[in-house]
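Okay, handing you the structure first.
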């Protein structure tokens, strides 16, 4: 029975305006809306697809962030067998190295065959969770995976390269894969099903213990880039504008 | 990506058929004559694997599964045309088609565009995926200020439920500002919920997401209960339908009027202020949820006829036979999916009818319509000069500055 | 620890990736601050020739059959050995399918810090762009070797081209590999996947007729991209649905989105607002797309296309 583990986390929702905290080197959490990291959502979907295709069990594990319960119940409604939360202080000084270590100690007892997690999160500043987690568990890591099948103790994966090129690779299990895209976009699950899960299922809690963020660096300064309100309108006759556009194309790197 | 709905096989039993009896008048389904009026009048009936009449026939024959394995239920725009003509008064739209969509959705068979709209509604309280904090941004630079209940902290006569598209969509915001102008001119004591307002949820309900509708209704109900007001008005017939007919079932009950009803009551005050826009030939499109679903046909016409110089012309399909713009039942968020199947748009049919009346202006009264009909006008030959305006915009235009 | 800066060169099937040159430019800035050498790290089999244009003081070349094609664990083992032995001040990796497979595992394995998404080095500070480009973060080098993953945008590849540098072979050994490459699968040429294109020339109703699409295609060919479209163009049947950008079509994030005659209705903008550089050409000065674009030209697109094609051809 293949046991697939999916570690997920929440990241800032970029629909909202982001603000810098008074300290000048972190995001203002009060303004933040958190949303599941898009690639973690794909990892959940890929895990469910594998379970539907070849059987197995799926456990989704996540740090206790605000709004995480809803994400976990939604994963359960999609087909996850077990949903687990790491309780701990996931506020200041919580970076991906710390999270990966916390996952690693929780995973010890769970003996997964395969770990799928998003290849990156939009707020990653000390690398992504997957590679660190793999190393702490002594497993191999391959990222930018857009297709997985399980064949006799190995994962056969499709790794994305630029320009649509795919590298088909084999990875010995257990391994950690950084998911770029599930074979199907994350499925829709009706609100009523999620609410049903809230009544029928419970979230297992594991104490994360003290968090060790070493491997990340202190941020000296965080700031918002200069915003351009409206397009810079290029002036001049057609030839002049064409020349200016070519300059821009060079600056961007397409010529 | 306008992909076909992912095929899953929902398990489906007699319980579906019987569950239809729980809807008001649902038992009437037992007396279906198989007259095919419904399938005939359905705007997309010719494309559906299972238009309403055929769906009933197959269910009776016990061949249930196949009905829900098909994704053509997503062609239904919940326009109530079938319900209107059924000789046996079967609640086809709110009963059969909505329940069918609920089952298909539970099975995960949802076109991706619709999926986004539903997920946005859940996360942000609006199907457009806009930040809820910006819901009252349309009012930010208006003077006198638009009273937002949370800040105003006082009872008002009228709570104006603004709605999703009127709050966020650039074109529909123009309608919102027109109503603001009129309410201000008439000195109406009103307030809006602003960021406390969530989507009314009616179209999501008709697209099969009953659970989501209930979550949104609960949130709005909670917001309403914080404030004192005598009645609710809205420019959105879908919100009107929800507030009037569906929210009371959840214990949330307030008197509610569509803006055309509200303004028609005040025609005596309004009329002297209307100077007109010169000679204008106008045809009026009855929105499905104001007209067929709620039988409000006359107040919009009374308002239009009050504008000096306005000649009101009726399209061949009007009142109970009005042709849907295609936005209901999820249609607003299924454009790619429906286009792939149909290669026609209902909004284009309607615009063609408007053009054929010789009208200069197509008057509407629902926020889905200005963007839908304006897009359609770009595609229909001869519609290049057709102007699409909400009644309230025509009134505002006709008012002295 | 010395003051040298390493840059791990990315190459695929005989080609050095642009990000490698970009990293060399950044590495040069950092090496100037630390006072050390800029060393490119090149791993592979019979790959020495790839060193020839690298603007580095030195190339550390690790030859091994197991490194002939990139696999995460082979590269990781080779680099772990090299970095822990030589202790450079910092090492750059591309923020790519290659670099990110290795940088994070090395950080955990060697217990040294990693900084992601660096777009440039400024006064010795590592400047990163995160949260979809909405947030900038600055970090300093640590007291131990610091790993950095790099994104493009702060330097041009030309700034990292030079050489030929001195090539110094270094021993690398790998064992017990868990990852193996089976094969490369080429993308299908028939269908254009606009979500994967770096350059999109996107046309709207302003293109007026199907015949005019060839003008957009000419631009696309010159810039190495593809033609995409807003809904009205697809509705007319002039292009297949697979080319449609927008709410009912696809979401694209190309490096360049050049919009010809597209007004920019919200339903369209939803599909391309995340493009890195948006340039809007429209005869209507009030076109909403001008509020989203970085650059705009208020002109009849037919007056601009031919001069633009000429100018691009001259520049190439």
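The chains carry the letters A, B and C, assigned in the order they are written, with residues numbered from 1 in each.
The working rule: a residue touches a chain if its C-beta (ideal position, glycine included) is under 8 Å from a C-beta of that chain, and two chains touch if they have at least 3 such contacts.
Source: prediction; values computed, not measured.
Judged by contacting C-beta pairs, the busier of the interfaces B-C and A-B is A-B. Comparing each chain's Cα centroid with the centroid of every protein Cα atom identifies chain A as the most central. Averaged C-alpha coordinates put the centre of subunit A at 21 Å from the centre of subunit C.
One finds 45 Å separating the Cα centroids of subunit B and subunit C.
Per-chain Cα centroids separate subunit A from subunit B by 37 Å. Residues of subunit B in contact with two or more other chains: 129. Taken in their complex, subunit C has these residues touching subunit A: 12, 18, 69, 71-73, 96-97, 100-105, 107-109, 111-117, 125, 128-140, 142, 146-147, 149, 152, 156-157, 178-188, 193, 196, 198-199, 223-225, 255-256, 276-280, 290-299, 303-304, 307-308, 310-312, 314-316.
The residues of subunit B lying in touch with subunit C in their complex are 1-2, 113, 128-129, 169-170, 335-336, 339-340, 371, 375, 378-379. Of all residues in subunit A, only 12, 14, 18, 20, 25, 27, 97, 100, 119-120, 122-128, 130-132, 134-136, 140-144, 156, 158-172, 175, 178, 214-225, 228-234, 238-239, 241-243, 245-246, 248-250, 252-255 touch subunit C in the complex they form. The touching residues of subunit A, counted against subunit B in their complex, run 13, 15-17, 35, 184-185, 187-195.
Interface residues of subunit C facing subunit B in the complex, by the touch rule stated above, are 205, 231-232, 235, 241, 244, 247-250, 265-266, 270, 288.
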